[in-house]
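Lettered A, B, C and D in written order, each chain numbered from 1.
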Amino acid sequence: MVVRFAGDSGDGVQILGSEFAKSSALNGHDLITFPDFPAEIRAPVGTTFGVSAYQIQFGGPLVLTHGDEVDVLIAFNPAALKTNLHSLRLGGLLIIDEGAYTPRNYKKAGYEGDPLEDEELAKYQLLKIDITARTHEAVDAMGASKKQGDRAKNFWALGLVYWMFGRDRQETIDWIKTKFAKIEEVAAANTGALNAGHAYGETMEIGADLAAKPQQAALPNGTYRAITGIDAMSLGLAAAATCSGMKLAYCSYPITPATGLLHGLAKFQAKGVITFQAEDEIAAVAAAIGASFGGALGITGSSGPGIALKAEAMGLAVGAELPLIVVNVQRAGPSTGLPTKAEQADLLMAMYGRHGEAPCAILAPATPAECFQVMLDAADIALTYMTPVIVLADGYIANAAEPWQIPDVDSLPDLKPKFHTDPEGFHPFLRDEKTLARAWAIPGTPGMQHRIGGIERGANNGHISYEPENHQQMTNFRAEKIAGIANDRPAITPDLGPSSGKLAIVGWGSTYGAIHGAVNELNKDGKDVAHIHVRQMSPLPRGFEELLRSYDHILVPEMNMGQLVKLIRAEYLIDAKGLNQVTGKPFKVGKIKQTALDMLEN
Amino acid sequence: MNQQLTAKDFTTDQEIRWCPGCGDYAIVNAVRKTLAQIGTSPSDVAFVSGIGCAARFPYYIDSYGFHTVHGRAPAVASGLKLANPELDVWVVGGDGDFLSIGGNHLLHALRRNIDLNLLLLNNAIYGLTKGQYSPTSPPGTRSPSTPAGSVDRPANAVQFALGAGARFIARSADTLPNHLPEVLTRAHAHKGASLVEILQNCIVYNDGVWGGMADKTTTQELSIRVVHGEPMVFGKESDKGLVIDFESGNVSIIHEADGPVAERATVYNETSWVMANAVARMEGEDMPTAIGVIYCDPVEDYITSLRKKIPFKVMNKDDLKDLLYAGGTWTRDEQSDPE
Amino acid sequence: MNQQLTAKDFTTDQEIRWCPGCGDYAIVNAVRKTLAQIGTSPSDVAFVSGIGCAARFPYYIDSYGFHTVHGRAPAVASGLKLANPELDVWVVGGDGDFLSIGGNHLLHALRRNIDLNLLLLNNAIYGLTKGQYSPTSPPGTRSPSTPAGSVDRPANAVQFALGAGARFIARSADTLPNHLPEVLTRAHAHKGASLVEILQNCIVYNDGVWGGMADKTTTQELSIRVVHGEPMVFGKESDKGLVIDFESGNVSIIHEADGPVAERATVYNETSWVMANAVARMEGEDMPTAIGVIYCDPVEDYITSLRKKIPFKVMNKDDLKDLLYAGGTWTRDEQSDPE
Amino acid sequence: MVVRFAGDSGDGVQILGSEFAKSSALNGHDLITFPDFPAEIRAPVGTTFGVSAYQIQFGGPLVLTHGDEVDVLIAFNPAALKTNLHSLRLGGLLIIDEGAYTPRNYKKAGYEGDPLEDEELAKYQLLKIDITARTHEAVDAMGASKKQGDRAKNFWALGLVYWMFGRDRQETIDWIKTKFAKIEEVAAANTGALNAGHAYGETMEIGADLAAKPQQAALPNGTYRAITGIDAMSLGLAAAATCSGMKLAYCSYPITPATGLLHGLAKFQAKGVITFQAEDEIAAVAAAIGASFGGALGITGSSGPGIALKAEAMGLAVGAELPLIVVNVQRAGPSTGLPTKAEQADLLMAMYGRHGEAPCAILAPATPAECFQVMLDAADIALTYMTPVIVLADGYIANAAEPWQIPDVDSLPDLKPKFHTDPEGFHPFLRDEKTLARAWAIPGTPGMQHRIGGIERGANNGHISYEPENHQQMTNFRAEKIAGIANDRPAITPDLGPSSGKLAIVGWGSTYGAIHGAVNELNKDGKDVAHIHVRQMSPLPRGFEELLRSYDHILVPEMNMGQLVKLIRAEYLIDAKGLNQVTGKPFKVGKIKQTALDMLEN
């Protein structure tokens, strides 16, 4: 079941959505939510570029995407209708707030005439309710001002959908109480609106005809919370601090959509996280590197333009062989591009976007919840191999939410680094034979003074060295160190489908849900298709070539013009085909499925 | 450390790779001497630098050293200090490193008042890249990138630091082996960001840019040591003095011949931004260069302020649990598989 | 252009995408009005901006516009002006754009004194990225990145510009529809880099940060218009004045009740860095905010100086030939193949 | 014939070398020279890290590299011997300045005992001359000071080699006269030393036994000058200014080894070139972009670390579709790496080192002289397609010199851009149908006001657009525009050898000479091998795939860990093999030849 709320930025759509999501989870559904913010902070009321939307798919046994097509669309004003109608499936339920469909408003949205008169709408089940008026009816008596009444209409709509999907209102009522504890009349108005919406639904028997009742989730027992990717990253980093016993220094400069990580971690300051809003992205990565030099786990995060600025300093971390995590919450580029839209077009920059031979490890979470574990893995790799690790998330993963089973804190891995303290025979480029990690002695350790930097170092003494053969050797070390990570980590296996066969659809990052959904459907249709999802982009995972070779065809859907597909082709000379889309929007399951079917036919 | 340290304790086995005659030699010696006098153990000291001749510094000081990338040393050092506040952190760079590519990081390190000792080795030229003019080169500087002479108005490090809100600013020179350690000691003692501009001679690309400063006799004529609470007197015979006209901010020279200078010269006040600006801005043929602690007016440093608001602790499992369970949670406890 | 231009001539058909109530609306209107008064043809004007709410400016001015990347507008504009010196170049950015990521470019544009009109729309917050504190946010600012309140000491744009060696610095506010165009006109007339700090209200993330400046009545109490050659008098009833204690640089308020303020207040001198610094640094509950042309002391601009040394010409074939044949050449003129 | 001079930085080795090179050219030889600077400005006298060297290969019919092995080595002090002896071929002539081989000096160089006593030297023809003493004998009488006398020894050595290779001294004597016009006694001392060295050679009949007398060059008739890559780039840009009739704005920040371009162009200021030393590399590229926006040809240049810093702003130029040339004089990385050593490891950064899909054109000169034409091509592409063009040179190409036939100024191409001036129907993203270049109207043009920037633009009106399909379309345009460049430019053909066969050795950039030399030798030995050299790295040249497919094997020698080879493999699925070396030193002909022979055997 896919529900989409859309209204003006001021309509409280995001609150409405997230309350509904919480209730869906409490009702035992699996779910994925996706808020769709406007690019402007607060565009003039009623304009199309000021429309804010929130989409949720809930049900079971597994929900993989926020849904290709919407079953129920609630459009609070003409601008919301204009920009969102295309997402509604034919025959879907369209609820509109009649009170907002004035000529002034539909002209602002760019309609010539009254959109509700348009024949186009005949394709849907249209339900016109004057939500604004109904809300005022319910709350005006409670002492709320006109403005407060206007603002409560999102709760009225929430009450309505609660009725439609048989939800309990108590959690939300409690939440309203806490949230608006200081402004009693607002709390009262919101609760009143919620109840009124619910009663309206009940009276009018709205939604009784909604096709299939959504299924329950097939999730294991445990304690859950709904989590966005960005929050899962913050928590993953907090966990890395606990597991490593280290200080965590997150140094960043605000940028959409990475800023949430700074906000999230700043909230943890009192628990022991250091956050530092630097003057720019270069200072941010430099400070993170300084923190790592000082024996903390230095982390920086940004999005495309900011990551591009960090390239030079990341090279320093490669040369100095210091642990560092660089989170790139990708957005659509080039340049400023579409800052609020998602894209996966920074993979090759992550691989190659530094001067000289400067290999890094690169990980990419596939889902919001996975971000937690990926951050622990990133910390583990950074500390074990003394290397920068790039984490490639994107605007979709960052903002989308899904249920996440809260892990047992005691079962988290031990990430404690081995700091060197014995001066005997020490130099900073002594290497661990197995991992090739260099020896890490941190400032303040008696007797271990040494100097590192970005100039090439002698492999045998750690001093500056301009020797030709030494440069070759150190370059080899740096390359082998990263390549060697694959040996210590799990071999790749398909996420779904047969481990050999006709077609493997290979993805990475946020295309997970769409690919998984498509392969699921294809398998159900008896098609010999597998889903392979790469989370370890550099080094590519163990067993990847063999696995790929066990299928006749390889399809690589990416929200870019073909980047992973290039790596696969260059690395293995396998004729993988790309399915590419750069529209700032996630793939639809249907598109991937259709492409796969076409490939299977040929 | 209890036993008295010497400059040797801060000397590495690395062969120095500066040009023979470079002013940096004297500076490294003065720094070693200062460190020994301060007496912090070498293992509790860190030197961070960018790139340039000056930025080679860490190799020659036996401490923890990080030779980073061009211009970013103040930012790297800020992160280092935040992560490891007990360290005694020194940052060294040239005029290009600190004021050209690194100007913004210096501005923000000074403004934030992070407890760093920042040494700006100013030779008014890009030494390492073979002699292009720098942001501190005097107008008209002929260099390979300005063969007709530069037209930029130079940055004045002291004036810049005042504008940036720095709370400790000092100046000395490579040629002042006794003065320099004094100033460095003061900088170290100042809690917060301390900027020390050290006039340095690049014998290869900008020899003599600081004029008579290099020469013992002329130094006394061409520079004035400003000392808090003392009248601004200078000259080999202490026969000259400076008087600040506060309304215009202009400084003029007075002579013993016209009456006792010690009585007439303005008494220097290192907590006064007016005086600091006035002596930083002095210009003209005869005007001396101000050296010494030009400005010192401490306010609480960044980390102290931060830790007052948010005391630092290491995150433990209970903290983590709190975070993981924050926000709405729900528990699933089905006996059998859902439908 | 001969016929009188109006603000409309500088208005594009682009719908403005600032939040309703944002102070930027008033600023764009003031700029349009100023441009019309100045009378340069829209096609000879260019607006360059970085990224931020403020940096959306070029879309709303009918001129040549370049919405570049965050922080780099002063550098882009410098290149533009060097290549096309006849253009009237305006640079617009927020406090983050100009003083955080772009601080270094601003420093060097000011120092070099390239003839640019730089408008710093200071709302003491990062608007576009939803409200993090900025380098001009007052200490203690609570924002999503500083939930416990910020501890950084803020940058003061005027003080910074003075330290950077700027020769024209002014301040006005979004709430001063008449004053702002006056100041902008002065900035435009100044040949060299002109920095105008415009206090701007971000109604969404930092509403009221400039306190009573927004309110007509309180403005007169809370700000003072400094005017060259005139005593510093303020207040709705012109009943207060400012006196600078030149020795300390401190400013204090005098009241009509204690005698006529117009006679006792310090007469403002816009060519004095001491006064400029003093009024920029005034702090404290009752102290007004200085607005107006705070500093103006012109020196030759970069391009004029450059062109005096190296007159510009377009390279022709003879020039090229000279270059190609410079240095040692030799001619090979063998009749047959060499052995 | 390969001659190498090596001495202390203060010994005047570079002057000695370049004077000898000039004389070699005047004598009708082809030649390539390579100065080998120390990393330090002026390291303490006598240390190994202060050694400066200059190598020249001269002869004919064609000289391709500065030589794998040295025939004559002149080592002015023990440190020079220590660091350079390995380059001398067995049986080669070793000339040392006996006067400098004191115990103090050889200890400084790190020798335990007197290196001249070492049996090792028996492998060479050792010629000990007390050059210092001989020089003083000759010049002391001329009124030169001790120091001036010491400094004249490079001219003494020059006189000696002039004798050995039958050269005329007059050009050099004239040059000395001009150069030291202001210090007469120095001019006299230098001339005296030159003559004395020559006389010494004559008397002692030195060099009479030098194996083969070098051949004459097989160069076409014309006027020549010796040119380094960096000077050829400066001149190429100057030519671009003349040919386009545009202002040229070179905005840069000093960095080794790119600085020469700033120095070179600064010298042309009076002729009409604008140079701007910016505060950093970001400001430099930003100013260049601003200059282009203003209607000039904006150019920036740097080396690896500085180029990395430019990535974000280059994305802006891609998005805003402005002409821009970015010269990267590559040096060994990562990070500060080996600043004075050459490497080709920034190719993939040039391809992919920007966030988002941000394709650029990339050219790479193969030889120093070629840099002139490549700059004209870069300007042509930048202006024709409204795109950034990256030029990848390296420290070797920049500093090496070879004879260059000065082109006829009147035959240079016309690069005049078509500025739009007609407001009718204009918007800045109107595209030329053929090239897909957007319409360029420059500030100051009446009635053409418009706004550009880094946010995605509507293809149909040039306004900001967040439309999903528009982003796809614009991304396609940007990709197709770059891809289309290949159609308008020549198809690739082999530089040497058959156009199909057993093996093609494919190179790019400064490996040209070594590959060409190897293939030359292989062809002479009757081997079926071709040399293909790529100068157009993006888009890859027309006909490249077909050409590659016409050989059984492809070998790609690169001074990196395998970058072009990755592009070839990914693009064409051809199993090209890499031969990789990152020692900061150019390839030796012998190594490439041997690898080719090994491949041919298998």
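The working rule: contacts are C-beta pairs under 8 Å (C-beta built on N, C-alpha and C of every residue); 3 or more make two chains touch, one makes a residue touch a chain.
Source: prediction; values computed, not measured.
A.B. asks: C-D or B-D: which has the larger count of contacting C-beta pairs?
C.D. replies: C-D
A.B. asks: Please identify the chain with the largest separation between its CA centroid and the CA centroid of subunit C.
C.D. replies: D
A.B. asks: How big is the gap, in whole Å, between where the Cα atoms of subunit B centre and where those of subunit C centre?
C.D. replies: Taking the mean C-alpha position of each chain, the two centres sit 29 Å apart.
A.B. asks: What whole-Å value do you get for the distance between subunit A and subunit D if each is reduced to the mean of its CA atoms?
C.D. replies: It comes to 45 Å between the two C-alpha centres.
A.B. asks: Measuring from the mean C-alpha position of subunit B to the mean C-alpha position of subunit D, what distance in angstrom results?
C.D. replies: Chain centres of subunit B and subunit D, defined by C-alpha means, are spaced 39 Å apart.
A.B. asks: Any chance you could list the residues of subunit C touching two or more other chains?
C.D. replies: Only 51, 67, 69, 100-101, 103-104, 107-108, 135, 148, 310 qualify.
A.B. asks: Where in subunit A do residues touch at least two different other chains?
C.D. replies: In subunit A, residues 49, 269-270, 279-280, 282, 305, 312, 315-316, 320, 335-336, 453-455 touch at least two other chains, as defined above.
A.B. asks: So in the complex, which bits of subunit B are touching subunit C?
C.D. replies: 100-104, 107-108, 111-113, 135, 148-149, 151-156, 159-165, 246-249, 272-274, 277, 281, 299, 302, 305-306, 309-310
A.B. asks: Would you tell me which residues of subunit D are touching subunit B in their complex?
C.D. replies: Contact set of subunit D toward subunit B: 40-45, 47, 49, 253-256, 259, 262-263, 266-267, 269-270, 275, 277, 279-281, 305, 335-336.
A.B. asks: Spell out the residues on subunit B that touch subunit D in their complex, using ranges where they run on.
C.D. replies: 15-20, 51, 53, 67, 69-71, 100-101, 103, 126-130, 132-133, 135, 144-148, 204
A.B. asks: Flag every residue of subunit A that touches subunit D in the complex, lowest number first.
C.D. replies: 39, 49, 282, 303-309, 311-312, 315-316, 318-320, 330, 332-341, 343, 345-346, 348-349, 351-358, 453-456, 466, 468-469, 471-472, 475, 478-479, 560-561, 566-567, 569-571, 573, 575, 581-585
A.B. asks: Provide the residue numbers of subunit A that touch subunit B in the complex, in ascending order.
C.D. replies: Contact set of subunit A toward subunit B: 22, 25-26, 28, 60-61, 171, 175, 215-226, 235, 238-239, 241-242, 245, 247-249, 251, 268-274, 276, 278-280, 282-284, 286-296, 298, 312-313, 315-316, 320, 406-407, 409-410, 442-455, 463-464.
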